């Protein structure tokens, strides 16, 4: 039955639909952007009506939100958290800093392009992005999920060596469990 | 001798004997010198012996010996021989005890360098 | 008939005075002869006891004067039982002290065994005699040899202990003589049976005063509180086997004397409750003092005092059950406390202060001695299935049957205290680490044998008390039957 | 054999009903909470979406046997509770195991699952899980006291320890027990606050504090099973309350109305409350609720 | 009856032989030890028949040994647990010192316990009681740890109890002039009211001490945790049951005939309830598994006492069933702790974690016994708890049932603490080398777990003998042998039918197990407990993430006012005061010869002055 193409399609549809409408965000407050999450979730903008909801631990979360600049020190934690999340999982780059370093583009201590280290599905630009922008970012992600194009995790797995090399370049003493699933 | 006088005398002897005993007891209980304590004990014994002999005395009795004089004499009263025998024994025993006591006193003096009974109290509680 | 009671007094006395002479022939004889004598007496006493149990008491008249004029010795079931017990303990003590400490030398050994034989003579004499003045003499013999044995070690403290013993002993003899004289002045006789048959004619005041003086005088030897000031010191400072001899022989004889006076001679019923009062006082004070001791032998001494208090309590019930219990307790106490003294003195053999802490970890060096000490400790607190349990049970049964529930409860509470201090010592022996400068000494073979004999007896009586209870039952019946005693003695016509 | 099959079928139907209702209630709760907070809130079927998503998520790792079995323990408890509680009164639709156990049994079977899941949570090795578990167990000690007191009050008043017996009592007398034994009802409802773990008694999960506590290492299918077990359990407990205090329900609609009304008490109380500390929570339960429990027992003894 | 003599001869001889065999050969010693426990067990269950008794006499006291259904039940506990613990002990004692000592006392304990249950007279009862006390005392001081306090405390409390009993025995004897229990029961009706009240009290003190009832329980935690675990399983499982045995006997045969007996029952039941609650609270506080289980034993015995004290038939059944269950699960738990102690060298929760994958069988046994201990269906503990609650409710103990329920619920905390502390949580590197305990240790535990499981669904296996025993004690069988089925009743007609429930549980469990777990197991991969969500931090290999210190702090803070009062402290103060008094008393012996002489004089004078009063 599972092998049946049509039913597989239906199952895929339902799965994608439910994934689309249930986005559990691991709000990992790495930078200043974390301040924009509470307004997004609370009554004025109310992201929960889209099915967006906070998750407490990476095991339960679907989306890893990188809220702002990533220092070298936090990058390690972020990678760890990302690898602990269960498939399917998505990354949202939040704010200019994740795109090109933003105002910290020449800092000795922050990474400039997040996509080199983690597969970003959706970027939300702005410095800071307003909650409206965040909501639009979620909508974008939902759209991508529904279309089945939010496959950052797959890319990460396929290009793990490249990502690892980038990561190891930034993080000097690499002592991390191997990511092998 | 008058009977009542004899009685009085008798009590006097008893009283004296008891007094001697009490003096001995006082010595044994109060005096701090070991030697005096031993003396006190001896005095107490002497008083007791005196008491016993006095108890055995009968008015006008002679020595309790079956001698010719006794058998032939007019005085057929004989004092009770038993207390005298007892006293003899008691004196002997008292002698032995006193000897042991004195030897112990010597040893105590040798070890403690004193005869004060209050200072010889290593064993207590 | 293999022998007469007079031998029990005559032979050891003779042996005592022969010892110095024999020592001139061969030095070892000093040690061997007392043993031979005691063995002979043991055989004799067992034979006589068997005879007595079957066919009634033997009354022996000395020097041909029939009672009440002459001195007589009575070997009844009661006194015979005690004599056998004493001789047995004497034998054990002899075996144990064959070459004990100072005894190794000839001179000390000569004195030691001489005094020991005198002690046994005196104690046996106390039990056997039927004459109160004769008893006084024997008490003095026991006393003097006891002073000597207490001061056997040449140290400072043993002289002190001995002096205390002597001082109280002198007062005791004074009181005793006074008591004897009061009785004599009233009745004109010194024979126990005679006195017993005439006692009802005496003015009650004199009677009571005399009894009080008797109890006080004998109470000093029998370690009754508050007359027992000498006892802990003497036990603690005398050699170990002498402590055993005191606990097993001297005190037993004194208690015998008290009991004889109260049960046979006097007819004062209040004396029984008085026994219970002083017995309880002795028991409680001694046991509470024992729990706080830090010296082993002193602790054992207090424990011994307490046990004697319990014996007096048991006698104080005045019933045959009570007497049975008391006799059983005396037997067990003699065996067990001797074992404790004997093994205890090896546990603190080379120690100066005989501190309890010095027994720490001794079981590794003296396994058998430690085991026997533990056995004795378990037995004396009355844990089944050891010997002490049965006697304690009979005491309690007797107490309950006499409706003395308060006494019963107190005895049991005191037993808990006893338990605590014995267990503390046993725990130390087995589970603590040995002190640095403690120098244990292995017991000699004869000492070990003596202890093992006692230990085996504890187990035998514990598992099968019937071996001994028959005799004790007869002995207690014998003590209770006052008229029979009087008749037996006074019917002898020479 | 036919009977067994019929029973199994009934059990499955009951389960499905309970699942659906419980999930819906969960969604409604979220919606209501949102409305109270002046938000639009998710749709009422949001919980179904979440559940499907969780079920469709991959579960790549586990921490050992107990971790794997934890959700199953929880589910067993929920289903057993559901099976013991009479869902609909006065007909033979879902007899399940109604006559095979009584209230005491129910009390104990209800603790089976949390403990089992606690074992699973323990094996994950996450300190937060263990903290959550101890908090949960402490809170359980708290709320079980008034809860049992109210149950004991009912038992002694009506001389039965079985749920069906109490329902019969209500059917015969025609009044609900919440009216005839008001104190017991008050105590039981106050205990319910702890049972449903909404604020201020959400000390077990405490998302921001303990990272959701015992479930912090469970994602995907584990969480799905736990979530559905929780929904079923919620429904079962509500049904139990309805059976005990509101005379049961003869059909599903009445049951839904009654359970929903009952359910709103802890939900609405929770929406407006911050969180207690553990010992505060425990002491709260030993305060007024226990007092009402005492009153209930006194009333029961008097009216017995 | 020759069998009794043979059994006890084997026990005694075996004990001595085993002790000395250690000097020759260790394996021979093990074999002798096993033989001297198992052979009498076999002989007892094959050779001893009900009703026939062995009379004999010792020291003029007639003694009687025999067995009825009631004592058979306890013989079953003693010998069953004894045999399993003996098998376990072989493994446990391997390589330990003082093996002979251990074996000797072990055999003597089993013997004395059997002796207690077969004694039909008070003297052999008391003798065996004391042998039991001192042999267990010797076990308590086995480690030599803290013995002057813990060991002596145990013995003193036991002795107080035993002497109270002895007092009762001799008082009874002074009335009946025999020591037969039968005669005591006969004569009890004719005693004065005062005695009728006091005799049960005296006996109950003894039994309450052994059953570790408040406020006589203070010895238990130290003693249980100090004894070697192979023995503690017997100590807590069987030895403490002797207190229950006696208690039931006294309550049923004596107290029930007393009009005031209801007060005894009420007081006992409440004390049992308080014991349960206090024991539980203190168990929650412990960080050492031995202590935890020790307090837990106290608590469990509280339930049992409550059950037997309320005295209805259901209560008796509940109490005795719980007694059997307690023997099983507490025996297993102590064995598990012993296994862990043997393998790791410590029993502290704050040190050990994550043994589940290293000692799976031990974990399984522990899990089963913890479930039984907590009283959660479908294991046997639930049956006992259920009957206890029902008996309390149906006999109008409304507040007591709340107390018991509180204790029982709070008990979950320590139950979880035990499992979590040892088996769950982080797997630390320190314990990587740990292996499963040897088979001789594991097999008894697993066997007992199986019993527990079976009893949870078919409690009739044990309830029927209990019922028979109760009928021997004079209960009317108001349940008409219904205990033979796997249904439990109360006297209001409510019931729990265990079989379908068990089947349902198993079915549902398996369904979800297969659906989720097995499928999940295939799809998932084991990761170590270091791989947890730690806010992205990567814990180092030797970093200790375990949460075990202050594990139950929140709850303890809630109950802090209750925990502030320790009964133990009062006892300690009392003992200190007493020793001070004794210290003062011994100052009487001043060491001055003249003072002593003065005592003599004063004594004589005083006695002479009061001679009219005294004589």
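Order as written gives the chain letters A, B, C, D and E; numbering starts at 1 within each chain.
Criterion: contacts are C-beta pairs under 8 Å (C-beta built on N, C-alpha and C of every residue); 3 or more make two chains touch, one makes a residue touch a chain.
A quick note: this is a predicted structure, and the numbers were derived from the prediction, not measured.
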| item | value |
| --- | --- |
| Where chain B and chain C overlap in contact partners, by chain label | E |
| Chain whose Cα centroid lies at the greatest distance from that of chain E | B |
| Most distant chain from chain C by Cα centroid | A |
| Between the pairs A-D and C-E, the one where more C-beta pairs touch | C-E |
| Chain with minimal offset from the mean of all protein Cα atoms | E |
| Separation of mean Cα positions, chain E and chain D [Å, integer] | 36 |
| Inter-chain centre distance, chain A versus chain C - centres from mean C-alpha coordinates, in Å | 97 |
| Centre-to-centre distance between chain D and chain B (centres being mean Cα positions), rounded to whole Å | 101 |
| Separation of chain B from chain E, taking each centre as the mean of its C-alpha atoms, in whole Å | 70 |
| In chain D, residues with contacts to at least two other chains | 58-61, 211, 216-217 |
| Multi-chain contact sites of chain E, meaning residues that touch two or more partners | 525, 530-531, 533, 586, 589, 591, 593-594, 597, 601 |
| Residues of chain B whose C-beta touches two or more other chains | 28, 37, 120-123, 125 |
| All touching chain pairs, where touch follows the definition stated at the start | A-D, A-E, B-C, B-E, C-E, D-E |
| Chain E contact footprint on chain A (complex, rising order) | 28, 57-59, 74, 76-78, 80-81, 84, 175-177, 181 |
| Chain E contact footprint on chain D (complex, rising order) | 58-66, 68-69, 71-73, 75-76, 79-80, 83, 97, 99-102, 104-105, 108-109, 111-112, 115, 118-119, 122-127, 130-131, 133-135, 137-138, 140-142, 144-145, 148-149, 152-153, 155-156, 159-162, 165, 211, 216-217, 221-222, 225, 277-279, 282-283, 286, 293, 297, 300-301 |
| Interfacial residue positions of chain B with respect to chain E in the complex | 25, 28-30, 37, 117-118, 120-125 |
| Chain A to chain D touching residues, read off their complex | 14-15, 17-19, 21-22, 24, 42-43, 46, 48-49, 51, 53-62, 85-88, 181 |
| Interfacial residue positions of chain D with respect to chain A in the complex | 30, 34, 37-43, 46, 49-50, 52-53, 56-61, 207-208, 210-212, 215-220, 223 |
